[in-house]
């Protein structure tokens, strides 16, 4: 990883901090009753979105998951319109109609979060097919979860992508639990990436809490995809910093396990890398302050934005 | 007793009574399920009969069908009826058809417990009312209880039934309270329940709409309109006679349904009455139903997308008025 | 021109016109598809636009949705509508909801072409009429052409539509013949077609039931009953006005549907009329529809399980008689 | 395979010949119009059903496929009631309601053929779960096809069976085509059995045209299953002797490929084994004659049997 310079580390740090603070502030707003419904925090998993997105181009596509705030922010969604969507406001990315589990935007080529686990995988393969048909240079990064690997659509999407050499990279965020069910109860294989062999595609398992490692792990899959050599599976090991959603205390997580992973927090890992790269604390503090303002402003924007109009909604619906 | 406790009691009693009954679903063991219906069952019956699954909806619904064919009585929990769509092939092409296609020899005593409906800002993929999809499939029974008492009695009957039953709960009902008989009892599939008697108009509902319909009937009573509220309880088999009898008495029919109007079960109730009690009808049949939309996330829009008590009141009022004008 | 040739012509013309249109499905390339609709397209457009798939129905329907969202216009072929149940989650939770859930920004110009119905002793899993399942889902359009002319014009419109369209053919129609205009034409989604004018009774049908209904109307004419046959052509959006206008003229409604009666689209047609043209009705609304059964293998039983021409004739006769008694 | 005695070889030969002749006669009846609908012949693949069924006990279960006549006969269905079902007669196993794609019978523990490719796999896992819950000694043999391996239900069923150590053996009949689509266009892996590793179960690929080899390949999976050690995948390579169904001429099959496999016909292979075991032609001729009579009698039975009564059917339906 020696080739990663201080600039890239800093920008990855800034995005990690952005996601972290966004989630924390949004959770606070949830507790105040300003956000409702399901909210699956990305806390502790930020390095995956940050590392993967640092490796791709703005024109590349992503599909996201039910735990998708981090992907969206790293792909370029504005925190204010993200926050507004979580508030259910008209100024949100989906005009308050989608919410946390359905954030999408053409502008940043996020094909969407999904309330169905694994629901974006075939869509990702389809977007990759579109790219291939248009002979475009883009790739699709398909974020998916350990839980999704038990679902038929995971299998079908991996296989279709493989047989047609589609430019898609499956980034599997293995946080080791599906709600309370440990992945070892759902799969009898050491690494889920081993399944890639069954589709004839490369698969690796890496430390998903180190953005620099994730960034590095994307390079060969990206080269392959852009060269028309087909898909890859990148399994990133990580861990949630708490329950499955904001109303789940997550008491089933073994405390030592949780502590071990918290000690290996994506922010801690990046700070250590920054220190080794000789970046001084002042630069970091500057970023922290900028991010703090950005997220505070996002909350203000969301708060001040109006709810969607019921009349407009009913008028739209009547014409559907 | 709460609705979810009534469901739990039904599971517990049937599992005690019959060793072939078992539960399978996501997080139903230690965690007790998302709506806590199966809480405590793991401790009592062990992991062989209370089984946590991976996210393989098609797989474990099909597995339930297979276990049922081989002589067990599985109760499969699907967290949201929205996810049951992943298992549609297993439900419709396998479980529902097996008995018929085997010439009647094979039986599939499978219960799929799931829940649907709006109410918690869970957006488009976690709020659907999809009973009409299963209602249309020969070989399935469809049950949608509205009260704790019905939930318990019907779930026990569903488990003892030899055909596949889609048992649909409502997310807003789990915490509702109601009387549940102390003694062992069953409620047979296929019997509607007149939850309130009335003489001016028949109001047919099921699941959470029964709650709203009873509130509407109360408001209408204050206006001098006597509303008979029929809770279908089971959609398949449907107690058509109960509905027809009532309409023959009242001459007016309103159906309240949370699902979108187009192609909903309410259309079938209307069609049956228009076919078989036409001469008794004194007014158009009105369906008060969900708008033709994906359920929105925003709470205000979500509320606007499905019928509220006021909408039911307005629907009933309209037929009483128009019936008065046309009929008498 | 044969129905299947008309479909092929539509695909060919649209693929020539628009480079984003492509076809994907099982054996649609070299083999030309099970019903030979795509024959010759591989040779003309190459394997990049006429794509054979493995047996991954959920996968390639979802793939179609993804390609559509990303700007292409996929036409996915599903061999039997029975198999589309494997992709139900992709259709209902993904393709149908995407536009709404993205706040209107995302569009899914996807066509799923498939076929259903009885007629060839293919038994329970290859003979279903499942349009009602898709009819109930907000965000989908549903098209069911009965003639070569309609098939071509509607498929072209479906491909140009920006929303997901479930385009359902019938296995008994592929070899039927009919006039197809030589010049380029479109038939807009949402327009019914009065296939035969009449004054005594309105007979609503779609897909293969239109053929049987026209035969029934002919027989009825010999008895002096004048039957108006409306071919809905598209179920969503439905041309409700056409039906209401007709019923207001005739005062009687019969619906002929191959799908089982319970929860079928015919119930919705009946409910709409019972709600909006009640005062014009002179007789009960009759649905002539499939029995509540899995389709049997044996040909005699298969025939008995769905309406035949005689059943339609009897259904129409019954309302004309009862209407005469009640109304005039 | 030296442990396979002449008796077993002879009984496997008899069943192979039974299936072969049943299919040939049924196809002849199809051409006469006495059988309708889809008919997927098992011609050329008989060694799989025969070898697998020779290895299991009568109380063991099977699930079958759309190409299921061979499985049914080998599991003990009577040819006469099988033939009657294909004729759509009331005396058939499904009283004429199921037909070729839905043959099932409790009496021989065949959980059923299936018109949905892969449709029986989860049912098989469920039956295996039932056995495990009852602590029974039985196993389930789940026949499936190369085409089914691309379907989500294949993945989910394999995985569920694996994580719960269910007593099921997946016997994958790889005849190398799904209708006209070669498996190499549907999977980028040399052997489909390699996918077993992704589920943590053993997988092997064997010659599926040699009943003795199939029989042998079942032994360790059976031991494992009965010992509670979980499922296995046995991939059997084979080839159709013609088109996908009786109305498909199968012109897309490369003639040399077809000829190569026809030269390796299950009957030829078994005859060679019988010769090596010292069984003389007379014993074989005796069997051939017995089988011929059996199948002729089946056709007579089916022909003479009445159609189901429409009135009875409508009466049943009305009460459903």
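In this document, chain identifiers A, B, C and D correspond to the written order of the chains, with residue numbering beginning at 1 in each.
Quick note on the criterion: a contact is a pair of C-beta atoms (placed from the backbone, for glycine too) under 8 Å apart; a residue touches a chain by one contact, two chains touch by 3 or more.
Bear in mind that the values here come from a model prediction, so they are computed numbers and not experimental data.
Trainee: Once the contact rule is applied, which chains count as partners of both subunit A and subunit D?
Mentor: Both-contact set = B, C.
Trainee: Which whole number of Å gives the spacing of the CA centres of subunit C and subunit D?
Mentor: Roughly 37 Å, centre to centre.
Trainee: Could you work out how far the Cα centre of subunit A sits from that of subunit C, in whole Å?
Mentor: 40
Trainee: With chain centres defined as C-alpha means, what is the inter-centre distance between subunit B and subunit C in Å?
Mentor: Measuring from centre to centre gives 29 Å for this pair.
Trainee: Got the subunit C residues that touch at least 2 other chains?
Mentor: In subunit C, residues 54, 56, 58-59, 82-83, 86, 89, 93, 100-101, 123-125, 138-139, 292-294, 296 touch at least two other chains, as defined above.
Trainee: Could you pull out the residues of subunit D that touch at least 2 other chains?
Mentor: Residues 94, 96-98, 102, 114-116, 119, 150-153, 156, 159, 163, 185-187, 320 of subunit D touch two or more partner chains.
Trainee: Based on which chains are in contact, what kind of graph results: line, ring, star, complete or other?
Mentor: Topology of the interface graph: complete, with all chain pairs in contact.
Trainee: Quick check: in the complex, which residue numbers of subunit D touch subunit B?
Mentor: Its residues touching subunit B are 61, 63, 92-98, 102, 104-106, 111-112, 114-116, 119, 121-134, 152-153, 156-157, 159-160, 163-164, 316, 320.
Trainee: Show me the residue ranges of subunit C that touch subunit A in the complex, using the header's touch definition.
Mentor: 20, 22, 48-49, 51, 53-54, 56, 58-72, 74, 89-90, 93-94, 98, 100-106, 138-139
Trainee: State the interface residues of subunit B toward subunit A in the complex, per the touch definition above.
Mentor: Where subunit B meets subunit A, its residues are 26-27, 30-31, 52, 54-59, 82-83, 86, 120-126, 291-294, 296-301, 304-305.
Trainee: In the complex of these two chains, what residues of subunit A are touching subunit D?
Mentor: Subunit A residues touching subunit D: 150-156, 159, 162-163, 185-189, 194-195, 197-201.
Trainee: Applying the document's contact rule, which stretches of subunit A touch subunit B when the two form their complex?
Mentor: Per the touch definition, subunit A meets subunit B at residues 36-38, 88-89, 94, 96-102, 114-119, 147-148, 150-153, 178-181, 185-187, 252, 307-308, 310, 313-314, 317-318, 320.
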